[in-house]
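In the two complexes below, subunit A is the common chain; its partner is subunit B in one and subunit C in the other.
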Partner chain A sequence: MSRNAGSDVKAAYLFIAPAVIGFGVFVGYPLIRSFYLALTKYNGLTDPVFVGLGNFRRLFTTDPAFWPALRATGYLVLLYVPLSLVLGLALAMFCNQRFAGVRVVRTLAYLPVVLPAVATITLWKFMLDPQVGLLNTILDRLGLPTSLWLQSPKMAMPSVVLVMLWGVGGTMIIFLAALQSVPTELYEAAKVDGAGPWSMFFRITMPMISPIMLLQVILQTTAALQTFNQPKILTNGGPGFSTNVLMLSIYNNGFPTLGRIPQLGYASAQVWVLFVIIIAVIALTAKFSSLWTYSDNN
Partner chain B sequence: MRIVVKRIMGVTALACAGLLTATACSGGSGSGGSGNGPVTVTVMTWESADTNAAIKKALADFKDDNIKVDLLESPSGQYGDKLASLTQAKKLPDLFWCGNDTEQQYTSQGLLVDWADKIKNGDGDFNADKFVPSAMDNWKTADGQMGGLPSLMNTYGVWYNADAFTAAGLPLPKAGWTWDEMYADAAKLANKNGAKYGLVADQLTSADGPFTMSMYSVSAGGAPFTDNVNHPTKAEADDKYTEGVTKLAAAIKNGSVAPPGYDASNVQSLFAAGKVPMTFGGQWLAAGFQTDKPKIKYGFAPFPQVQTPTTLYDSVGICTPQYTKDQDATFKVLEYINTKVWDAVLPASPVAPPAYTPAQASYFDALTKAQQSTVVDTVKADLAAEKTVGVRFTTQWASQVGDLTTANYQPILSGKKPITDLPAYIDKINGLIKQGS
Partner chain C sequence: MTTTEASLPAVSEVARPAKKRPRAIGTTAWYVVALFICAVMVVPLLWMITIGLKDKTAVFDIPPRLLPHEFHWSNFIKGPQAIHFPRLFLNSVVITALSVLGGVMTAMMAGYALARLRFPGRKVWFYLFVGSMLLPGVVGLIPLFQMYKSIGWYDTWLPLIVPAFLGGNPLFIFLARQYFLAIPYSIDEAAKIDGAGHLRIFVSVMLPLTRPAWLTMAILAFQASWNDYLNPLVYLYSSGKWPLSVGMASFISPFAGKTPDWSYYMATNLLYMLPPLIIFFAAQRYFIQGLGALGSTNQK
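Let's turn to the complex of A and B:
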């Protein structure tokens, strides 16, 4: 190795050092620390006490909130992910057309994504109020049955998902980019062969954007598993445990309401359970992706 | 290249040193000061900006050459989160507003200064005898420590829309009315004039609901939900308690009372707009109604009873971390807040009666001046109530009880589980008590 090459290596290390140090301090250390805390009884006030797998045992055996939290999280994922993909793709296909004002439509569709989330969720909370909310007022005027929305155990989660879908513009933008990268000659050739719109959608569009679809499935599933803002602001987990998703449960254990002692060790155990679930879901999705995604290799 | 690298390293080292220095010098309780200068005592509240401004103005009149008082500017929202992070960082202010449960928990963890002896043997008028006795009792831990002093009393009752009662031909709620009368009134007021429910009683249906239900059983001569919120030995649902739960579940079923899960966060506005005829609430709503005049004629009545007047018991106070730099200076400011500050703050914003009895006059005078006579009467009745029940456990495992309540008690109220499931729920709580002790 020449003298100059040695200097270059040093410089390279120096340049990547901030990223490595940043990762170590802000990701690596918290990760290790949270795993350690998951094995302790720790309230943030006094020193942690090692309890081994005690927190995990309590999670799976005696905690009345844990299984409902898992169920609520699973329900949210099953409801939100397919709807966001279908709606995002439909919106992207609409915005991929050529018509006057398409840029305005694209901007409007993406606008909710850039608006402050807390503000829009709070507005939705007002709209979904059963007594004075806009939705029930409209339904009432139209002579249609009204709903308790966020205050009904059955309707609370669908209402939360409805509010989450308000930000589907983010999904749309990625699908739009994918749609615009599909070679137009494929459609032209299909047209010559007499293919109709549905045939072109299922035989050209879907296979060509399937890698992006895989990415979206993983991104949306991961995001849905970590949903926090909407249930926190809209329902705070209620009624009952109906919208008490895992992230909210973790937050409420780690940062409880005034006067209650934090259970940071226990919350850390929940974090690790969620982490394992996310890794498992991503691994399964990736493993079976070859069955439905298109690539040059298959 | 080498020079450039050296320069980068130099700049980075300087930046790191700067950051470390800034971190070391910043924040914290901020007490102390230089060797010769005055001691700074920091204060943090959960009050609104207006009330904080009034407190700040009042604190400016505190005269002691050796003590400087600094009210920390802090938004009132998310106080619990703020307190938790400051506690974990060991940066709590010298005096901070705290609930009875926080004081009990933090004191038992050895985090707070014990004022018990100081207030017991206090000079002049500032001593334990001048405080509401029940407040002082509840602020003591099992071993007699007091990590803070009660400052304001929270009293509770039923806010009612007098116009709606009159329109429905119902007598106005007043001291001595019964639980049966309340449910009957709620049934008549439901689904009228834009009101869906006749009564919104979050205290009865939330995670703390089982404690509120104690008012029924105790008033009827039965047992409370638990024998002690600070150091419980058992939870109990006797016949009278079960009778109370049965009546509440029936009222929820027939649509008179809002069910568990009802979002009560907006109930004050709905009440003021005439869309909630009756609601359980604290006396502090009076201060809000004084500034934002409701459209309706309203009143505040004591809780209903079966036989004996019974009410909820709750007080808030001011705590001091164990690591405060100068305990004497901090106690002087604490004394000043309890004895002088309320006189300056409560006339403009009568949120609650002080626990220090000589300071209560300004609160009642302000309400009387504002013609809130029903509030004055009810608060006085509550403060004098012979029987009181706690609002929630102050134990470390209180949040686990909350989860059990959500999973068991609330479904009973909603009619999704039978009333016969009540003993199983109580057994689970007793299991936690056993583990906790």
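Let's turn to the complex of A and C:
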């Protein structure tokens, strides 16, 4: 028995070794290193110069682009996350019914999620073209008002969110799995008691899926805070600074684009601002979750 | 995973209230909504194919024509030629194949150790791996870029491949562990009595038993790598080494304000989408199952 246990330990460390090394190199090291870099002035060529909180001071006081970047990021999150959760849940409830063709609807709703982001985003860039795009053509034929979409400072961010929402099937599929794990007897009992669809939704469905809702709020918000592909490809931050989200700002500051000298320390400071926001969102969501999530302690 | 399968019949039970709606109006409204959802998802893709078949200049007709005037099948040849498609396609295939192999293999190994072997620190490692799922990827962006640069990996494929061989995806480790926990321990006892070591048990007993788990992971890993844009954009400078994602994005943002050839682009875009599309329709079950496991984990 003891000999057996000994070989277990050796084997276990051999099996787990790649993941442990990976954890150190790709999680531990960057975490420490990026914190250090955030406190330095560093262009990637000469040695980093320690500047303390100088980068943060510059961010919050003198950088004209930082507050707009924060505002754009916040706007994106506030617009995208609630819409994605509501639409995703509605779609999941729709697809959780039994009717002929439900599998087709489910499959097609999930289809955009599996397609490469670059492919779908560029497709939408063309769809949103004010003159030759399909969206304005359809709106025009229906007699509805058209828009400049990505070219208008007001509509640019809503358009970016619209493109992101095309992938709502990802949210749907997780809600669908949650809905399917709600015990049917609950609905049957409620029906016997004469409950209508709305009270069944608020008293059975919502409480039962609330842990998944919590997970979704956290996952969607942290993902939305790190949105890069859509603003990069659709607008590259424009028009003006209207879609210049934090990730785009980090990318532009940190990597050699168009012959600019990278400011790695400065970009790392922005990374840490974003990181702190993400941690705060997770902590707050988790802290207040007891107010609205139902937990079954059995 | 078993939870999802077991609860599948429940779907039909839940469905009954809906069937009680007033027949004619209810059903019609239901199908109008269903059709609308399908249209929103499919019309952009059909539009893409239409553009891909149009003449270069017909793309700019105002108002746009819904169907091509004449079919320019040659776009499917000329478009790909414009970005050296075969080269980029091959790059994507190699990068993706290696990162799928590495990601699945190391996650399965870690999952096996965490679920079935007793060793000090196994809980700690499990929580560290799971916790790192919440760590935003952006934190690693700059230090890792610097690290790769200093060891000469900048402008090579190594930053896109090597992390996968080091347990790159903590979600996979989590999924693998969940799956391994569900397998009865008497199976390895029996194998041990027959004189099999851990490597033998892992390869010839566990891998066949966990086929759905690693197939799911392989599909998700394929998708993640084939679709990845930010990492190759950051790490690859030479256009000859780009995967399709970066090549496609550069297709429509040419220098000197030249208008992109949208008909060429859309034809090529369809070719770029084809592999994930084919895999999706061939293996739908695994897509749903893999995420279903994520959906039901908090319910246990």
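The rule is simple: the second predicted complex is superposed on the first by the 288 of 298 C-alpha atoms of A that agree within 3 Å, B and C clash if a C-alpha of one lies under 4 Å from a C-alpha of the other, contacts with A are read in each partner's own complex, and residues count from 1 in each chain.
Definition applied: a residue touches a chain if its C-beta (ideal position, glycine included) is under 8 Å from a C-beta of that chain, and two chains touch if they have at least 3 such contacts.
Just so you know, these numbers come straight off a predicted model, no measurement behind them.
By the touch criterion defined above, A:L215 reaches subunit C but does not reach subunit B.
When the two structures are aligned on the shared chain, A:T46 is found in touch with subunit B, with no touch to subunit C. In the superposed model, C is the one of subunit B and subunit C that contacts more residues of subunit A. In the superposition on chain A, contact of A:D63 is made with subunit B only, not with subunit C. Look at A:G167: by the touch rule set out above, it reaches neither subunit B nor subunit C. By the touch criterion stated above, A:A11 is placed in contact with subunit B and with subunit C alike.
In the superposition on chain A, A:V132 contacts both subunit B and subunit C.
Contact with neither subunit B nor subunit C is seen for A:P158 once the two complexes are overlaid on the shared chain.
Of the two partner chains, subunit C is the only one touched by A:L91; subunit B is not. Contacts of A:F255 after superposition: both subunit B and subunit C are touched.
When the two complexes are superposed on chain A, the residues of subunit A that touch both subunit B and subunit C are 7, 11, 44, 131-132, 255. Contact residues on subunit A toward subunit C in their complex (touch as defined above): 4-5, 7-9, 11-13, 15-16, 18-23, 25-27, 29-31, 33-34, 37, 44, 91, 94, 96-99, 101-102, 104-105, 107-112, 114-120, 122-127, 131-134, 137, 140, 166, 169, 173-184, 187-188, 191, 197, 200, 211-212, 215, 218, 222, 225-226, 228-229, 233, 247, 250-251, 254-255, 264, 267-268, 271, 274-275, 278, 282. By the touch criterion given at the top, residues 3-4, 7-8, 10-19, 27, 30-31, 33-34, 37-38, 40-45, 47-48, 51, 59-64, 106-107, 109-110, 112-114, 117-120, 122, 125, 128-129, 132, 134-147, 149, 163, 165-168, 173, 192, 197-199, 202, 223, 226-227, 229-230, 234, 244-246, 248-249, 252, 262, 265-266, 269, 272-273, 276-277, 279-280, 284, 287-288, 291-296, 298-299 of subunit C touch subunit A in their complex.
Within the complex formed with subunit B, the residues of subunit A that make contact are 7, 10-11, 14, 43-46, 63-65, 68, 129-132, 150-153, 156, 235, 238-242, 252-253, 255-263.
The residues of subunit B lying in touch with subunit A in their complex are 1-2, 5, 8-9, 79-81, 83-84, 87-88, 99-102, 105-106, 109-111, 194, 196, 259-263, 266, 270, 275, 392, 394, 396, 398-400, 402-404, 406-408, 410-411, 414, 428.
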